[in-house]
Each structure stands twice: as C-alpha cells, then as structure tokens.
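Every chain is named by a letter (A, B, C and D) in the order it is written, and numbering of its residues begins at 1.
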C-alpha cells in the first residue's frame, strides 16, 4: 500500500502544538517583516519583496497546515496543477499586455462623449 | 446570380484568397482521404464480407501512428509559418498613407478626411494608395469590416486602433460592423467606395468641407486655454513655462524620471488627459487634466493640430 | 450512518484520502477564481502604476495588518482542531474550532470597521470619489470586490466550521470523519488568499 | 417518475435477481432525494431535455427570422434576445453538462467498477444547483430579456445593455458551481475508486475523456466566475474595472472570458471523443487503434486547450506578437484531434463492421468533426481569421464541432447505452433513419454558413444584404430536417421505455465493465465487486481468436505470430 494520508499523526495536544506553533511564529515574524519592509526605501523593489514574503507565507501554510509535507503525491499534484494553470493565465495575458502597440493601450480619464449616443441614425 | 466568392478589392485580399485556396486544397485532400478510408473500410470490412481479417499487418503499427502525428505537426507548422509570414508582411506602414479618422458609435460610422470632409456610414478612398484608418469608439466595441478588402479591426472606446489597407479595384463595397454592439447592430453598416485617384481628388475637393481638422484643432487649442501656456512665444503672454509644441509630434521627449519617450498620438493624448503622469524634464508639474473636458472628436482635432505644427526654423 | 465510513467507500483511509483530494481539487478551482481577480489587479497595476500607488496609500494598513495577524492565528487554531480531531482529542478539537470561529468573527468585525471608515473617506468608486486620478477608482473597485469576495468565503468557512463544531459537540459526527480535515483545508486556503491580498491592497505605495 | 415503473416487469418474473436501480425504491421522493449516480443521471437527462427544447426554440426563432433579409418576425431587440437565449442556454445548460452529467454520471462508476461516485450527495447537490441556475437564467431571459450575446462583452454588458444581465450572470456562476462539483466528483472517482486491477491504462477511453473534461471544468470554470463577478460588480455596484472612461480595459475582459470559454469548447467535445471511441471499437469488432495515443491526445487537448484562447481576439486590438503565439499554439492543438480521427478510422481496418444506429452516429460524427476541425485551421491562420472572425464562417465552424460533433455523439452514446440505462431496446430502423437524417440535415443547415461567412455575412445580424439570402434559405430549410432528426429519437426512445423489447445484459456484445452487470444495473451496480485483469477492449471479428491483436493493453497492436 502506498502511504496515503499518514496515520502516523501526533496523538497528543502537546505534540500537535509542537508541530504548529513554530510555523505560526514564523508567519507572524514574516508579517512584521513585510510590513516594515513596505516602508523601507527599496527603490521600486517593495512590491517584489512584499509579494515574495507573501509567497513564503503561503508556502508555509500550504506545507505545514495543509499537510503537503505528508508524502501524498496525489495531493501535491492537485496543489501544483492550479499553480501551473495560473501561470498559463498570467503569462499569455501579459504577453498581450506588454506587447501591444502604445496607441492601443487604454488611456485613462477620457470622459465619455458629452453628446448622448445617437439612437436613430437611419 | 449566386456568388461563391467575395469581391477581391485590396492587395491583401488577393493574398488571403491565395492562402485560403491552398488551405482549401489541403483540407479537401485530407477530407477526401478520411472520407475514402471511412467509406472504403466500411464497405470492405462490413460484417459478412469476405475480406481478409486477422492481425494487423506489420506496417500498420506504432510507426504509422508516429508518422501521421509528425506529418500533421509539420503540416500545422508549415501553415503557421506561411500564414504568419503573410500577416507580418501585409501592409507595412507607408509614410504618405492617406489618414482617415473613424469614429464609431451606436449605430453609425463617422469618417473624417484630413481636409475636414466628413462622411457618415460611408468612406471614399482612392485606388492604389495606402489608407490608414485611426479608429476609436464613443461607446461600446464595434468592428470595422470590409469583406472585399478582407480587412477587419475592432474599434474600442478609450483607445485608438489602426487599420491599413490598399484598395486595388474601384467600386462600391459593403462596410459592416462585425462586433455585436446592441439593438441596431445589424443596421450599423455602410459603403466603402474606391475611386480612381484623380476622381477621388475631384470628389474630395467638392465636399462641403468644414474647417479641416487641424484648423479646428487650432481653434480648440485657444478656446480650451492651451495656448495660454503652450502658446507661441511671439505674442503669447505666457506666465507659466510650458514645453513648446512646435515639431513635438514624433520627436523624442525627455521625461523627469529619466526616460525618453516618443511623442506619438498615445503620448500626446495621455499628456492632455493625464498630464501628471509623464512630465517633461525641466518643466513644473502644473498642467491640469483635461479629462472629461475634451471628448473624442475634439481630441482628434487637437491631435491633428499638434501634428500639423512644424518646428519653427 | 453511525461510523465515519460512508458509501461508496470500503476503507476509511481511502475515504479520507478522497476527501482531502476532492477538497484540494476544489481549492485549486478556488485559487483560479482569485487568480482571475488578481490578474485583473496585476493588469490594471501595470497600466496605471501612478493611480495604484496613490490609491494604495489610502487603505487602512493598521487594520489590514491586524486582520492578517488574526487570520494567521485562526489558521493555527484550525490546524490544531483538525489534527486533534484526527487524534480523537475531543476537548482540543472543540477548543480549536471555537477559537477559529471567534477569530473569524473578529476578522469580519475589523473588516466591517475598515469598510465603514473607507466609506466615510469616500473611497467607494463613483461620483464624489476622494481621489482625482480616475484609475484610483479601479484600484478601489478591485479592493471592494476582492475583500468582499474574501469575506464571503470567510462566512462560508465559518458556517462549515460552526456546523462541524456543533456536530462534534453533540457527538453527532465521529471525530475521525474526514470532514474536519476538509474544512481545515478550506480555511487555510481562505487564509492563503488573504496572505496574497494583503501586500497587494495594503502595502503598495507605502515606501517613500 | 412513476410512469416508468409499470413498464418494468415485476421483479418476480426474474426471481433470482435483485431489483434494478429503477425499481429499487419507489415514489417521487426516492428520485428527488436519491444519491444513486444512475438516477441522478436520469434527473439530468430530464432537465437537459427541457433546456434543449428551450435553446432549440431560440434557434427556430433565429432561423425563421433569417429566412428573409428583412425584419419580419422579431423586433431588433427581440432578435438579439433570441440569439442570446440560444447561446446561453445551449452552451451552459445543454452542451457543457450534456454528456458528462448524463452518460458520464451513469457510466463512470460502472466503468471503473465502483458502487457510486466518490461524493454521492455532492452529485445530487450539483443537480439542484444546476436546476436552480437554469430557473434563474430562464427567468432573466423571459422576464427582462438579455441582449448581450453569450459572450457578455464589456463595456456593452456593463454599461449599455438593457436587460437582466446581472441575473443571467448570476445564473451562469451558479451553473459553474454545479459544473465544478461534477468535475471534482469525477476526478476523485477516477483517481480513488477504480476497482482492484483497474490501472490507468486499463481505463476505457470514455473514462479518460471524462477525466480530461473534469480537469478543464475544475480549472477553467472559476475564471469565468471571476470575470462574471467583475461584470456584476461593475454593472450592479458601479465598481469599474473594464470601464474605458476610467482607464479600464475591455480586452482584459476578453482574456479572462476566453480563458474559460475556449477550454469550454473542449469541455463540450472531449466527452464525445470518449463516446465515439467506445462505439467505433464495439461495432467494428476491433480494439481501438493506438489506445495509448488516444489517451495522450486527450490529455494534450485538455492541457494545451488552455493555451489558445487568444485566437478569439485576433481583431480585438490584441498585440500582434501575442496573436502570433496564440496562432502557433492553435495550430499545434490541431494535431491531437487529427490523431483521434485517424485512429478511429484505422480501428475500422480489418474489422467486422455492423451499422447499428450508434455506429451510424459515430461515422457521421467522424465526418462532421473532421470538417469542423479542418475549418478550424483557417481560423488559426491570422490573415484568414481577420476576414472571417465574427462572420457566419465562425458560426458554421463551431456548430460543426459542437452540434455535428458533440450533439451527434450525445445521440450516438444515448442509443448505445440506452439498453443498459433502461433495460429496453428501441426500434433500430427508426434509429438508423434518424441518424442518417441528422447527418444530412446538419450538413444542409450549417455548410452554407461557411460560404456566406467567407462572403462576409457578419454574425448576430437580424437584417442582411440580399446577396446572402440564398444561403440563409438553404440553412433554414436544412434546420427543418435537423429538427426532425432531433425529435424523432425522443419519440422512439420514449416509446421503447414502455413497449420496447427487453434488452439483454450485453446487447451489442460489447466489452467493458458496464456491460458485465445486468440491464438495467442493480442499485449497487455490481452484485460482486469486480476485479480487473485486462484492458477495456477485447474485440475480435467472428471466427478469429481473441488474442490476435490483444495483449498487453499498452501495446494492444502487438504483432502475434
């Protein structure tokens, strides 16, 4: 039998807490770090840094709270699938967005025509 | 008379038809092959026929499978390369192209020639010269479609799209709106008339011409107060220092953040609507936004005026 | 239906795996839902960096940070509850779920304060919007859509947790039921979504 | 549903057998609260029939109106509402759920040797969601009308449309939840409930096809939900994301929309690939040619289908470079479809073919799907697509795939598994006639669309230049035949439930686990849990040993001495 979702789980509350409390502490530390770094002058890298920290936090939650550390390939596959599909979505949409001719980019703030649309052209 | 093939009235149309013809031949051959195999096998191997059964012969095996997978892939890549090459070569922009502004709205087309001549649901163009349509919409998405030119381009609100074509045959052709745009979508059409260049020139000359775009733009330039700051140095009472606009069109502009951009239509438009976004190096960030004050048709006039401003010697 | 085992399963282990797998696939779908919204955010951020930086400064960073901490802690209590349920530690399960519910409610309460303060500051797109830059309205459109969709997910999660907690309390559902773990997975995903929304909505444009 | 039960012979006629799923429980409650996947399949069938009629009514109105170039039957808004009704109902309430929720629901547990789907109550819930969503949509379409077309393009849908766009969007979101729940259920079932010995490469191709479909459903549908939420937020609450006047981007809508809606095409067509594979191999008495290639083709389509959505946007103002990438990927996805067509054809080779109704549907499918697929090559080439996009060429193309393809396969699958589902046989002559009529009716209806599309006839036009009339008349005339071909089976299949001859357990002499149980199957599908020690197909012409091209299912074309 393949080792499915393990039965080798901690059986007592202290054992469980030993598992999860360090993760929680790490998450809070990262939260503090991301808040502090958001105010630091990082020359335009702030966005990348805070998203990077968010990614680390998400991975911590997924691996330790959502039990991805257990050796179940099926669950890892399911978890990875959506990431791959997200990359399809982002990659190809940005392939369009970043390569559009400049005049075909939307331009903000252009008011709609003040005249009402003509309803009866014929 | 029943038509099986649309009129071919632009240089691109002829190329597209060629591609279509070849694809038709290839697809016809594939269809014929599949059809013959289906029909042939169905008859030959129908129940009760005396055809030989038994194990599949050596030749019909994985190699065949790999073979036709590869063949299909190569065919697909060949078609891709050809179609793409055609698309990339089609209608390279020409500097002396005739520029026409197109404004779409529910449910009509307004076209406007450089000299100010306006048409509604119609467009006249000369044969053999490249026409560049600069299009925008006032409400929803429309699509400018002339089947005889094999040309189509969506027209979007809030931005410009461009369509280039060179007509090759004189005549009058259908113009359709191809992107669904509401109640009278089906009636949002008109005609495109291709004329000999000299006929076109004659036609254009007798059109009741409003002021031409650039001249109207110049009037707007004053009435909107642009001239107050950007006005010419000779008689202007400019108290605010603003970049001079003569010759600015299509020239490089250094920005405060160090970038250098080309002052194309998009940049100029942006600078009118969102002046604080890309401020020219060395000038104070004081220009107010004209968003909401300048509507799309006026914007076209202003841009035409700015394009017409040549650098004073 | 006395035990934790249900039709059409023949072993609890297999059923547990299916519950986890099914939940994971569903969460994959949920992730795609938020990915669609985040794509919209990313595209608009790329088109209008100035407006987004301007608008990003207006969100309540203190409340947002507090809420992140609350939600991270609720993930902790939910993880404890799920593990305890599997180990059939009844008191720890009930405490864990109770705390999770309380923290979830706290999150929504803080969110409510934040929303009402946003409304007072005229940060709801439309006429009379506080910021002149038109694209700032897009930032706040996405802010309202994302935070309210997330809050709806919180409500859904809290309903499930409350229902399972009630059943555990009444001993109507055996603690070995895979449902506890499935609910915990869902809760953690809602947490992860917030972890990603937090820098997008609250931290943009803070640096000098 | 009591009307079905009298037709079933009293259980004492076959005393040694336990009652079938149809007779195991009685009363309307036993149907509406059932968690039996087979009964839920029938519930879906009833709902889908209703939606098919509603969507069909829209088609009738459209074809009637287009008989002449002028507006004679409907107002301009009325016409727009009709094609919106036709599109939304047919896509989200017929084609997307059609084969998966009926045949898939019924057959997947049988094919993998399980007692039920992984989450039986979720299955029932998804039916109720579907029904509720359908009711909301019909209410929106009838009470207020929706005139956006099924594509809901912004800013038309968010700002300019008059109609119940919000409600329609909500209905489609709900139907999406139902779709996701169904997909999750199939994935979990196929992963975790396969009978002992049922390895991945022993799964019938229908199960593989449903697996691929479910994958697409689960990963694509949420993005549709997201984009419809954005439309609802903008239209209902004034939260601008697509509004150009505030810098929003209508093209963003199109990206998100087609990220779902192109893969949705594969949701509609992949299950029919599975159905056709099962039928072709059975009636040619020959194992599926290149089983593993068929599997890879399904997976290839399911994954790469997500990468081609931009070919719907070649004229939208999308960047030319993105268009090139999408064009390339669109050409590449032609390959797995071609593999499937060739493999079906070669399954016939050296077979012993009989032409029962399911086989006629299948052969018709292969022909129509080939035309549909080949016309797709024109659409993948940018220069041609620029000319024909948003014309009747596109309308013809996707009807060939979705109606000539998916609906033919649905009718074929229904006639193939009908004896298993109901335990009854239907009159074969009528069925053959219906299958042939469908092929020709379909051709007459939709082939003219390619020609008028290339001539430049735009879609969604109520009035049109007279030069196109001859093609529209042809199309409308064909639609009469097609309607007959669709109604006919409903008649004789219903007849068979009451008066049809009783079917054997395996009337087509087919292999596969579903045929090893009784017709109709008992509540728990199998009296003894099945174990599997061979591939799904074990066909051979009469008078030939079973081993001649059978063996390791990985190498089912093994050359034997």
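In the analysis below, a contact is a pair of C-beta atoms (placed from the backbone, for glycine too) under 8 Å apart; a residue touches a chain by one contact, two chains touch by 3 or more.
Remember, it's a predicted structure, so these values are computed and weren't measured experimentally.
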Pair with more cross-chain C-beta pairs in contact, given C-D and A-C
A-C
So, in whole Å, the Cα centroid of subunit C is separated from that of subunit D by 35
Distance from subunit C to subunit A - Cα centre to Cα centre, in angstrom:
13
Report the inter-centroid distance (CA atoms only) between subunit B and subunit C in whole Å.
45
Counting in whole Å, what is the centre-to-centre distance of subunit A and subunit D, each centre being its mean C-alpha position?
34
So subunit A residues touching two or more other chains come to 74, 81-82, 85, 89, 93, 97-98, 101, 104-112
Subunit B touches at least 2 other chains through residues 106, 139, 156-159, 161, 184, 187, 274, 289, 291
Residues of subunit C engaged with two or more neighbouring chains:
14, 17, 21, 25, 28-29, 31-32, 35-36, 39, 43, 47-48, 51, 133-135
Which label fits the chain touch graph of this model best, line, ring, star, complete or other?
complete
In the complex with subunit D, residue positions of subunit C that touch it:
7-8, 14, 17-18, 21-22, 25-26, 28-37, 39-40, 43-44, 47-48, 51, 125-126, 134-135, 137-138, 140-142, 144-145, 149
Within the complex, which stretch of subunit A touches subunit B?
101-115, 117-119, 121-122
Subunit D contacts subunit B in the complex at 76-77, 79-80, 147, 149, 151, 153, 155-156, 159-161, 244-245, 247-248, 250-251, 284, 289-290, 293, 315-317, 320, 324, 327-328, 331-332, 334-335, 338-339, 341-343, 345-346, 348-355, 363, 366-367, 370-371, 374-375, 377-378, 380-384, 386-387, 389-391, 451, 454-456, 458-465, 467, 470, 541, 544, 548-549, 557, 559-560
State the interface residues of subunit B toward subunit C in the complex, per the touch definition above.
274, 276-277, 289, 291
Partner subunit A, residues of subunit D touching it in the complex:
191, 215, 219, 223, 244-252, 255, 259, 306-307, 309-310, 313, 317-322, 325-326
